[in-house]
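Below are two complexes that have subunit A in common, paired first with subunit B and then with subunit C.
Coming up: the complex of A and B.
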């Protein structure tokens, strides 16, 4: 017997104002190729020692997690699961840079200790004293959906009742330069390269604050021609278009083929591109469902289908990475 | 409840390039820990458990193009997955089932990044390797070599990555999201984590001595190992060879939630993982015939894990050994390497030795088994504990 699964809170730190949903009404737009997240005032939340010891990604992860837990009223989730494409890349880079330039003798253990991908999930667990399920997914542009699917499956089968699911990626100037060379970021006409820090609390219990219900999380590798949509009531599809013509084309083609006549929405123009950016797609869709409104900045200009002004009950978030990985998250307002 | 059966496995590690060689090394108490041979590093004082093949030899065996940018982690992964699929009798084009590949890795393509780091920044002649750096890229390089996978996942929970991959595989099978799962992990030795472990002062300059009072750290190892898992009903996709007699009967993941790199003194996370895995399998402590311990050989791990074993098993404590004395600590791959060793022990009814043991740890009331022995066993518990207190336990059983 499958359980209902709800998103009960979401907190984010990104290029938009931190820890609020302000972007929904007053989004900040950028023309740069690369924007670091707008950090919260960490002095309010961390001791000077803690603030120094923890890298950006860890401070953001701790803070968004604490706030998401607080908002949902769940202080001890049954599971803590993180998706991160690159993990703690800043500390990795510092350790690697010293290793390569200065040799193998004078390295600092703190940089190594804070360099692994699972540092994030485990730090959140230490902070919240959670001995439950704890895992980390690091699979490029679908890392967040991997984490979300893990939580979803365990909740459906009744193994767990609550899960804190996080999406965390930082982007250093040096790594931005490398990923630009690799053709992933900084492509002509592409949205800015951003950073992701987002934590959401999932629960099998509905509350007053519940944003939406998660109907399904599906992932495919390679061929998606077999994907058969079983739900014909989708009102909008939130896609990861980012201005890169080559990858945007895949979204438009697949949506036309798989979901003809359903209007598309976007989110990367607001939150930028990063490996775990699809978490913002889920966040934006959840907020649209909760507020029963679709703000103009999420609409895709010049897209051939006009959005009808009717109540939005279901939004599908479709993400692809390099046309190899395809993920589908279906959210609904019906609860 | 669906039974998850193990229909095949593949392995490369310091003690062999395939399953038969691994079994022979275990039977002959032959450790693979030796002076550094392949990795270029200043730290030649540390013995390691390297896979006894160069990248070129792996590329040759796999018959992949020499100029294809591929990390050593992926090369080892391809070798082990190839054996696992052959071992399971799965024909690559024989059916239209949903086959998931779940890979555990942490350093991923760091071997190439540390080699070409300055070139990436200054010369731009090796930029193809920028995209092979991350964990997911390593997984996809392995998956794409076979071209049969309809879902891929990469788990990165440090030294419990492969065990968590196996755990997720079971969930995907039970929820019917996949019909066949290939799960495990791969990790090559890099200067990056050799130096990282060195800064933490947890590497031994001598062969490691898990659960010994004189233990002074771990030996870094490398390898790749995967198991093929199916629900019982999917036995029919295999060819005519005898059916598997081994199943994954339990799995549990907990968090020590104590420290980023140290285990709690009473081994709370380890205790909870072992307690929950017994509950998950519906077994009592007395049902476990052998524990393949995480047993890294560091002062902290072995004491903490030992304390957890004593707390949970009390006087019913089964034989314990750490086979990291054979393979070294294969980090993200260790959950896969030790799953294969646990399954070999069940299939062949033996207990692998904990090599190099001489002196009992004063604080613990047990010694590991230090001699190979033949004995009938039914249930094996395998522990994989990672940095950050990511503790996972698996139980493999005869059907």
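Coming up: the complex of A and C.
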């Protein structure tokens, strides 16, 4: 019953140049604590009438989805599944602000419509005229992995053959301030707080453009020492270290216990931290496998492990959220 | 009336987020819905909110909207005759 599942295209809008893989050879580095995404020129893609109801996150989601669909050649995927930690937070803030200022009266319908988490997935489906399975996962730091696992399991069981999986999050100045106060962002030496807009097309059909094969997607809740490793033939582990010593330590300790002697890679130094940042880990690993190269900016320079590297066939993307939710995505070049 | 029409055009551009549209681009006698600006039912709700918030006019009968929102000129006439703000 198990099927091979491939990532056939990925498109992103982030702190790196939009809709390209340019960061792989020429990454942009930031010293700031908070960076908003580098937007595409949306006027090229949306008419004024179309754009007037779209907040930034919706424009980004529509554009990355359209481009990922076009690149893969799949214009009508069987499923559209989105992970988002905060949903359309910018519109939610405007809506709530007006709710308070106007005394819960005279609220603008557009901001209300666009303030729900599942606006993103449904809008992409309307745009693509896709009437299939449509779902949104809003599970904080593991939202993207939940969406990916949903698509993976449905494809493995033969329910669907193609799925557009998205990861979308905005970071508003107000929300950044709150998360900084909570000690989640803006910590000393931590990477910048960023925004995520990423869409990938998954398919059971391999194409010339396929980046890699998805071997497995797993989530684990609880004491990580109880997690049973299923695959030991891993060449690299892409981890969500972000410069925050307290949470990075957890990655290093867990990796030493679970995956000894496997070199670690990073991605948040390039794409920043956000609830759905792990999608960039999958993207970066997929591109490494496709290009058969690991760029220096992804290597962790101070990591104590120094072993001779062989050809990279399998990369595991490991993320944890508060050391309770652990996610594992295994990608391979073997196809 | 001319001033009200210009003001209304500016308010509509702002509330409907019509980027790159200038008041002079809008024909006050052109239909707001379907042709002309090509507005839809959600825009109608935005216009109802605008009338109440900016001019104190509360539309009780939804059927009235069809007549009032025929064009900006008609809308301005209705506002001039019924405004409380």
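In the analysis below, the second predicted complex is superposed on the first by the 332 of 335 C-alpha atoms of A that agree within 3 Å, B and C clash if a C-alpha of one lies under 4 Å from a C-alpha of the other, contacts with A are read in each partner's own complex, and residues count from 1 in each chain.
Just so it is clear, a contact is a pair of C-beta atoms (placed from the backbone, for glycine too) under 8 Å apart; a residue touches a chain by one contact, two chains touch by 3 or more.
Please read all numbers here as calculations on a predicted model, not as lab measurements.
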Which chain, subunit B or subunit C, is in touch with more residues of subunit A? B
Looking at the overlay, does A:108 come into contact with subunit B only (first), subunit C only (second), both, or neither? both
I'd like to know which partner A:53 touches here: subunit B for first, subunit C for second, both or neither. second
Overlap the subunit B and subunit C contact sets on subunit A and report the shared residues. 107-109, 113
Which residues of subunit A touch subunit B in the complex? 80, 84-87, 95-97, 99-101, 103-105, 107-109, 112-119, 121-123, 125-126, 128-140, 142-143, 146, 150, 153-154, 156-157, 174, 177-179, 181-182, 184, 219-223, 324-325
Which residues of subunit A touch subunit C in their complex? 43, 48-49, 51-53, 102, 106-110, 113
State the interface residues of subunit B toward subunit A in the complex, per the touch definition above. 41-43, 101, 106, 108, 110, 113-114, 117-118, 120-121, 124, 127, 130-131, 134-137, 139-140, 143, 147, 149-158, 164, 168, 171-172, 174-175, 177, 191-193, 195-196, 198-200, 253-261, 268-269, 272, 386-390
Inside the complex, what are the residues of subunit C that reach subunit A? 15-21, 38, 42, 45-46, 49, 52-53
